[in-house]
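Following this message is one structure expressed as structure tokens.
In this document, chain identifiers A, B, C and D correspond to the written order of the chains, with residue numbering beginning at 1 in each.
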Amino acid sequence: METYQIYSITSGVLFVIGMGGVFLSKHFIKKIIATIIMGSGVFLAFVSFAERDALSFADPVPQALVITGIVVAVASAAFALALARRIYQLTGEESFTIEK
Amino acid sequence: MSVLIDSLLAILIVYLALQCLLAPRLTQTVFLFFAFGLALALAWVRLGAVDVAITEAAIASGFLGVLFLDALRDFSFITSGKQESSDAANHSVSKKKPAFLSLPGVVLVLGLGLFLLITLEAVWKVPESGGLTAATEALLPESGVENPVTAVLLNFRAYDTWLEMGVILLGLLAVMAVGGIKIFPVHRKTPEDPVLQQVILFFTPILFLFGAFLLYFGKNGPGGAFQAAVLWGAIGILLHLGGRPVLTVIPRWLSQLLLIMGIGFFLMLGFLLLAGGASLFEYPPSYAGVLILIIETLAAISIAVTLVSVFVHLNQLNKEESN
Amino acid sequence: MTGLPTSPLPALLVGFPILLAILTLFFRPGVKALVGLAGCLLTALLAFIAFVEVTQRGTVIHTPGGWDPPLGILLRMDALAAVFIGMTALVGGFISLYAWRYLRAQDPATGGYPLFWPLWLFLWAGLNGLFLSNDLFNLFVTIEVISICAVALAVLSGKAGALKAGLRYLLAAITGSMAYLFGVALLYGSTGTLDLDHLGQVLEPGTTTTFALLVVTLGLLIKMAGFPFHFWLPPAHSNALAPVSALLSALVVKGAFYILLRLWMEVFGVGITYAAGQLIGLAGAIAVIWGSWQAFMQTSLKLLVAHSSVAQLGYLLMIFPLLILPPGVTADSADWLSVTWTGGVYQVISHAIAKASFFLSAGIVIMAVGHDRIESLRDLVGNMRITSMAIGLAGVSLIGLPPSGGFVGKWMLLKGILLSGQWWWAPVVVAGSLLTAGYVFMLLRLAFAPAREKEPFRPVPKTLEVVALLLAVSSFLIVFPADYLIQFLENSEIFGSGIEAVLKGGFYGND
Amino acid sequence: METTSFLPLLILISSLVPGIMILLLREEQFAMRTFLNLFGAVAKVALVGWVFAGYLSGEEYNFIFRLAPDLTFALRLDALGLFFAALSSALWLITTLYAIGYLEGGLHRNRFFAFFSLCVTASTGIALSGNVITFFIFYEFLTLSTYPLVVHKGTDEAVAAGRTYLWYTIGGGTILFLGVVGLYAVAGPIYFGQTEIIASLISEYPTQLTILFFLVLAGLGVKAAIFPLHGWLPVSMVAPAPVSALLHAVAVVKAGAFGIVRLVYDVYGIGVAEEMNFLSVLAVFAAFTIIYGSVRALYQNDFKKRLAYSTVSQISYIALGVAIPGALTSTGAIVHLVHQGLMKITMFFAAGNVAETYGHKKISELNGIGRRMPLTMGAFTIAAFGMIGVPPVAGFISKWYLGLGAVEAGSYWVVLVFLASSALNAAYFLPIVYRAWFCEPDHEVVERLRSGRLETQALLLIPVVVTGILSLTSGLFAAVTGSPLSIAREIIEKFYLL
């Protein structure tokens, strides 16, 4: 087994854990963290392919994409966090369950 | 040997991810999230992606972790406030079946398991392609920088990066749209904490220098605007926490200028190039290196200010509540 | 790619609104709205110039940075992109006018939600960027720009209900983006390219390709609220401010549809099976019935309109099974392909216009009576003639009755269904139309009914009523350029011949 | 198809534009509204007359606009269409006059007259349509423009009737839509008269074309009120009298009947329709509806409701005439389009006058009304005799041709249906006539007698007298060139000779 394959397999696992977490977790914060984990899985997949395709350096395109992707994911997460905190402030709710 | 290290690291990452979501307390979740980020950063290093590792450690784990930590004051406050009731609730819950044992829960978990198998099959069978390494290698000399990642980010795919700067700015606008705070509220004096003051005194110059270092050498080695920005942003956050709200001191137009400087300059440069008959962001080859350095510097400042503003807004959200 | 003429317009279409968005940040709230409105109108003008450019010169491209794909990013403005950009400009321009007056009236204290303008301009830039992009990862960045702007706009009112709906929307959107991006990662890993044209040429069938297709489609379905991922749409769209609801329903969800259409038709030829098409069509069919039924059952005006969006998006999903030939049929004999996809695009336009008008009118009614129970429509005809007309016309277009734009869209869809021999979709279209008629006429019946107790209709700025009516009238007027638009789309060299090339090139290799 | 003329479009615009303008007027702008109304109505009659004259001298009028590939908006004048257009525009002028009088001082007159104009636009549009899709566009447009008229009173009853009306017509419209799209999918664009298209395809797609025929027929059958799709018609008589007149005589049911004529003669062609046994199915339904409508009419005490069931029955004469192959029955069917329109509009005007002047809505209240309103009831009596088929009123002519044709075609059961129907017609109309002329008036009626010189307002009286006279003369002078019958014969000659 090559190094990259260990991580590309891990990426698949993280992606599914994250996806499950978004649907199954209750607390807002956990849902937000789950999206980050999902994203980490995606990024790991990208970078594992970068390592696979390395010549004198690892493939820079997926790395650049991942840097962009991380920043985008963080911006969304910060926004989600602001929403979650504000909802809590206004209603005292920490998850969607109370709402229905 | 290396397979063993990588396998252990992979297992650790998965374990931390799972624990992070399953931990009963939010505090645990957030600290496990920090640990997850660090483990992931190690994985990036193992994969030869040092730029990604720094970004991960700085932004995803560092900055976002701090935001979560700050948020904990909100949410953990209720857990302590509703301590008894929530404890009682916990007991009653533990007597009942956990949610994932109910029928829909079982179906969901089974479905996820199946999905995992399919995912692994697909990931395992990814055909070899060679990626774009060779293409980058061939064009790297024309890019004006030596670090291939920087070349992709700021030259080959500069359009993406420019839009991404927009996303960061949007992140701030979106946080502002949530409401509940006035833009850049007047700071209330907080009691001086001598330890914090010492930390600030010590770290400010170091963070600044290290950031500048990352920025400048990002041309040739790992590092660049985003990483530098987080370090500079950290200065702002520290100063804010230490009772020195830098952003409220400077005039409003200046702080706004700082916010948009990066994306604004980038865009104006692009328009100038368009007017000159070139494509958007198509630098003249001989100036490419200089232009990229200017863009990176301005972008780093803008991103740093943006990150500080995001933090201040989220932090302030909490203070409004305590009023 | 070298054969196509280059033009700076694609770069301007993205750059210009962002420049304006940044500029608005510097102004005080009241001035910000004016600058924002001026910016929107200029952006609309630019879009029309771009549209004319494509009609004159055909497809034009732009390579930011001057690097050719696959290393660089290609912006390509073909007929399809031009039509979507034009639609955005038309609908967006009207909504901007409405928003300018509406926000000022709603919130005079803070100068009318000043953040609306930079966010909307950013959103516009994101939409233009999405329509122009020819790169899988760049598409991801644009949909993120769109998602963040959309949610931020949706929560602008700051009310708890809007915030909760917004968080739900945001989490769904992030999940969708990540699923999409995972597919992109696998596609990049297996082909080493992100460029759509290039990818379409080198993509080989296999497990990875099929899986990538699955997650990309899944992610985009979440983004466009396709059944069963529609759960986030009704609360988000109904809790937003009226102009924002209109933007979200008319334009934002169409972005994900656009990518889906492009990818299925241009890239995924090798991975799609007949069954996959049927499945997505089934999702659309359920959405049509379920969404319309839910709309019929609502008692709140904006929730009704929002559920109607779920149903109308279902129609768009129903074109996908028709684009895939059953085994043994060659593309030469498949004469319904062009009528189906051009009909789908036309349906997007007519729905955008009608739904925008519907939401804007709902906003006017709510402003006038102070709440959004559908009972508030009682005696609307007696009190607000213009808005009644707008609701009536927009509703008729939604049902798809002649001579509205919705009629042409439904006509083409149904014709595609019957020509392709997949007649089992026809009852869905019929039932959907009937249910739509059911809820539209439920509203109109109330509008004609005499008032029970004299609830006062507060005066509403005339501008708002006129804008909503103009949009409603446009949903009929677009019948006139329909033939031109459809020809324009059919004759575009990229797409019209592209699909047949894909179909001939072993579409069913792995059946 | 070569020449383009804007005249057909102008005919539509002559009522469309006044309709839209009226919508924008203020309620109190009475003079302006009336002017627009009458101007539109007169202009339309004049235009149709001009075009008719042109057509007779061999001119062709086409207007074609492509909406989308295969989706062509086409207006084309042929004899059948002009015949229907002439009927619509002439009766619209009369009904407009009547409505101005009827609604004097009423509420929401702008809305009423606006949709009234739109309704007639749709109706003439149906007449002038050159192809199936244009027909469908106006057919649906008619549904939409009549809805506000049906619910005009705004009472709960009216709103409920409106709902029933909509469910039937929108449902029918959707079925029709499916059928029309199907026809286009199978056969491509079909212009009226191009029967060779279907004829050449019928052997290749017999199942599809059969299903499509019945889908289209069902869609049309709703407006033509063929059993079991007639339920909306008796309910929607709650609308004001001019609207009922419009629904029953000028626009809605006529659009359905006219559509059936088009479907059989101009789309599928009589040959195909007969060969595939479509016509016998239609004949059975039509015959049943004739009897059923008449029987139901017998039991109605509400004046307008009895008239409504009578319409259900009478309209199916047209369908039955179409369904029995042969030149005579076809002539009868087409001439009945006009004759039934004239007679039924007279009856609804009369019913409206009685209700408006004395407030009587029940048949049991009509005792002696003939002496108070001799002109109104005189016209009504003529029309009633016509409906029964008493010579020389118009209805006799239609029935004569239909019956003769049935005998010629050997369908003796149809003759029996006609006889039974006539008997039933007599059974439910004659009591009204008897009550009106020969029963002693109730006392209260006498006291509420108007003091004016005329029995009711002039604007209500003139239309009913005019249509009554027309009902009589078009029967009396049926043999004269230019009479409805002579034109109908010319139309039918074309179908059977070509």
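As a working rule, a residue touches a chain if its C-beta (ideal position, glycine included) is under 8 Å from a C-beta of that chain, and two chains touch if they have at least 3 such contacts.
It should be emphasised that the depicted structure is a prediction, and the values quoted were computed from it without experimental measurement.
The innermost chain, defined by the distance from its C-alpha mean to the mean of all protein C-alpha atoms, is C. Looking at B-C and C-D side by side, the one with more C-beta contacts is B-C. When every chain is reduced to the mean of its CA atoms, the largest separation from chain B belongs to D. Centre to centre, using the average C-alpha position, chain B and chain C are separated by 31 Å.
Put simply, the C-alpha centre of chain C and that of chain D have 43 angstrom between them. Each chain gets one centre point, the mean of its Cα atoms, and the points for chain A and chain D are 68 Å apart. Chain geometry summary: the mean Cα position of chain A and that of chain B are 12 Å apart. Annotation for chain B: residues touching 2 or more other chains are 119, 122-123, 126, 129-132, 136, 152, 156-157, 160, 164, 167, 170-171, 174, 178-180.
Counting only residues that touch two or more partner chains, chain D has none. Residue positions 8, 11, 15, 18-19, 45, 48-49, 52-53, 61-62, 65, 68, 72-73, 75-77, 79, 83-84, 86, 90 of chain A each touch two or more of the other chains.
The complete set of chain-chain contacts reads A-B, A-C, B-C, C-D. Across the complex, chain C meets chain B through its residues 6, 8, 11-12, 14-15, 18-19, 22, 25-26, 62-67, 70-73, 75, 115, 118-119, 122, 125, 129, 137-138, 141-142, 144-145, 148-149, 151-153, 155-156, 158, 163, 186, 188-193, 204, 206-208, 210-212.
Contacts from chain D toward chain C in the complex involve residues 23, 66-71, 108, 111, 136-138, 140-141, 143-144, 147-148, 151, 154, 159, 162-163, 166, 170-171, 173-175, 177-178, 181-182, 184-186. Residue ranges of chain C in contact with chain D, taken from their complex: 339, 346, 381-382, 385, 389, 396, 399, 401-403, 407-408, 410-412, 414-415, 418-419, 426, 429-430, 433-434, 437, 441, 444-445, 448-450, 479-480, 482-483, 486-487, 490.
If you check the complex, the residues on chain A that touch chain B are 1, 3-21, 23-27, 29-30, 33-34, 36-37, 40, 43-45, 47-68, 70-79, 81-86, 88-90, 92, 94. Per the touch definition, chain B reaches chain C in the complex via residues 118-119, 121-123, 125-127, 129-132, 135-136, 139, 152, 155-160, 163-164, 166-167, 169-171, 173-174, 176-180, 253, 256, 259-260, 263-264, 267-268, 270-271, 274, 278-283.
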